[in-house]
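Several structures are given next for inspection.
The two complexes that follow have chain A in common; it is paired with chain B in the first and with chain C in the second.
For the complex of A and B:
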């Protein structure tokens, strides 16, 4: 119960921070911009020639400008909550919270709240976008963002390459929600990893932009020599991606690895503090 | 002094990311070839030792004289050096403009051949076809 209180308290503190507010607003503005651009691009088109509402999203692999989302993803993942541990130390909040709830509960609450806040930042803007797209765009739109018809024979060849392609065939909206949630989980795991690194007492916040970015870079470039799957992360964090050879096992392994490393680094520092 | 150190830390981070991005840009790439117009075209890969993906682009796909979209059939086959068929895909699509296709194939090597066969009797088959061979 006290751990839940710790999570609640630390989450509410994080929501009030500028890091969360700015990154949430940036992603929300980006998502809205994509919808507006596609509404303008499809002006005057026949409804059947239009893109399916669920496929017009800032997180869809083939929409214009998704490049921005992919490039800034590792940095955006750190912004909402990645600095929270350093901020707590700088403002002496950590001393107060540790005294109030105990050191272990503080750290457990910290990791869970960091994960939750980052997850919310990376999912809610796109969930809201889906809701708005369903209202704005006609359901008769059958095209994918690639220009192909979403359920044509040609696209089906490629849709088999989506992660969770069966879900795509059964219900495109559930596919959208679960795929976006998976991206949120990956971002959350990256934030947990960053907080784990920051518990080593990194002095300058700017350096915290590096660990998750380097992890992704190394994972892409080392894994391709070990596994036969496609390892480029951009194709995993975006949805409706049609590149062949992606592996859910690889993606989940990265998520688990990030989480475990974040927890281990934090545990090492709890023990280090106890022995001091 | 604190401010200078903070600014230096930001610059260091930007420099590290810059170096990695420039390295990544130079180590990934696409090799583009323009294919001639024809019913069957083939291309032998050069330059890079190995490729990870094939992207091809067909442009100037015109509608039929009646103004309707043309249903075209196109077959893409990839053979390795020992002429063993590595992959074959058929595309059936109503298209009226640019078309991209992606294929992630590991271990394509220089000397391997990609063959495109256009089927059907439409004289307005793609005027230009670009093939991008990528590595990362």
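For the complex of A and C:
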């Protein structure tokens, strides 16, 4: 019960921080911008030639400017909650909270709240976008962002390469929600990893941008030579991606690896502080 | 000594990673034996989003370097700043001294980066005809470019904290690469767009987009535009003079007793 209180308390602290507010607003603005751009682009075209509302989103892989998002992704994942541990030390909040709720509960609450806040930052803007797109764009529009009919025989050949293609065939909205949530989980895992690194006593906040960035860089390039599936993260964090040879196992392994490393680093530092 | 050794190792490692991760031999002029040098100097044949993404991916070692050395001057503001600056007689002179140190580290890092590229090129292709000139220009561009952005991160960090310094400068660099995408099909590289293209730091960084009257000319100049290779050198040189000058000026304006932050920056 007290762990839940700790999570609640630290999450509400994080929500009031500028880092979360700015990154949430940036992503929200980006998502809205994509909708507006596509509303203008499709102005005056027949409803049957329009793109399906669920396939216009800031993280649909065929939408223009999505690689904009992909390049900022590792940096944005750190922004909402990655600095929370260093901030707590700076403002001496950590001493207070540790005394109040105990060290283990503090760290547990910290990791969970960091994960939750980053998850919210990366999913809610796109959920709201889906809601607005469904209202704005007509349901008669059935095309994918590439221009093919979304459920035509031509597109289905490519749709088989989606990460969860069976879900896509059953219900496009559930596919959208679950794959966006997966992106959020990946970002959250990155934030947990960053907080784990920051518990080593990193002195400058700027250095915290490096671990997740380098992790992605090395993971996608080194595993290219080890496993046979496609390893570039851009194709995993975007949805409706039609590049061949992606593997769910690789993606989930990365997520679990990041989480476990974050938790282990934090655990090491709890023990180190106790023995001091 | 350990610091230099670390820099050299990191420089050559980042080059090896770049060459083997982002080399796209099929797109580069097949007459040219020095593919590896071209890969090291960030050569991209078009402005399509795919190639620009590759360009940005191969700039990752630079960003890593900038993050590490972006706190080199700023760190004195984080720890005992009043003690430190009350013992500096002339802050501008101190600032210029620190800038020279940053440029020294940048030079070591990219020297090892370029030397690795040369070693790999000669080792793999056995061709070293035009390597020299291209390498010197790449080296100078990289050093000056990274120096400018390292200093910018330091100066922005003093006012806003190091995380915002990184975000702002990374934003500027990424945006300057993204902007090049308009030259893919929407805008022709003539007239005013060409002038804007020449002002963009990202387009100045890539040697193979320049023109040269010398022997190097027929290998580079991928878009057949009039963009002299020496002009960019002057451009970066002027930028670094400006940033050092501005830094030397504003470093005196900072009230250390008010800006004193005894915390992790």
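What we mean here is this: the second predicted complex is superposed on the first by the 276 of 276 C-alpha atoms of A that agree within 3 Å, B and C clash if a C-alpha of one lies under 4 Å from a C-alpha of the other, contacts with A are read in each partner's own complex, and residues count from 1 in each chain.
One rule holds in what follows: a residue touches a chain if its C-beta (ideal position, glycine included) is under 8 Å from a C-beta of that chain, and two chains touch if they have at least 3 such contacts.
Note that the coordinates shown come from a computational prediction; the quantities given were computed from them, not determined experimentally.
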Fit-or-clash call for chain B and chain C when the two complexes are aligned on chain A: clash
First, second, both or neither for A:83, with chain B first and chain C second: second
First, second, both or neither for A:242, with chain B first and chain C second: first
Partner chain(s) touched by A:158 [first = chain B, second = chain C, both, neither]: first
Touched partner set for A:38, first chain B, second chain C, both or neither: neither
Which superposed partner A:207 touches (first chain B, second chain C, both, neither): both
Touching partner for A:250 - first (chain B), second (chain C), both, neither: neither
Contacts of A:217 with chain B and chain C, given as first, second, both or neither: both
Touched partner set for A:230, first chain B, second chain C, both or neither: first
Shared contact residues on chain A - chain B and chain C: 203-207, 209-210, 213-214, 217, 224
Residues of chain C defined as touching chain A within the complex: 17, 20-21, 49, 52-53, 56-57, 60, 63-64, 67-68, 70-71, 74-75, 78, 153, 157, 161-163, 165-167, 170, 174, 178, 263-265
Contact footprint of chain B on chain A as seen in their complex: 146-149, 152-154, 157-158, 161, 203-207, 209-210, 213-214, 217, 224, 228, 230, 232, 242-245
Chain B residues touching chain A - in the complex, by the definition given at the top: 5-6, 9-10, 12-13, 16-17, 20, 24, 52-53, 89, 91-94, 97-100, 102-106, 136
Chain C partner contacts - residues on chain A that touch it in the complex: 67-68, 70-72, 75, 79, 83, 86, 89-90, 202-210, 213-214, 217, 221, 224, 234
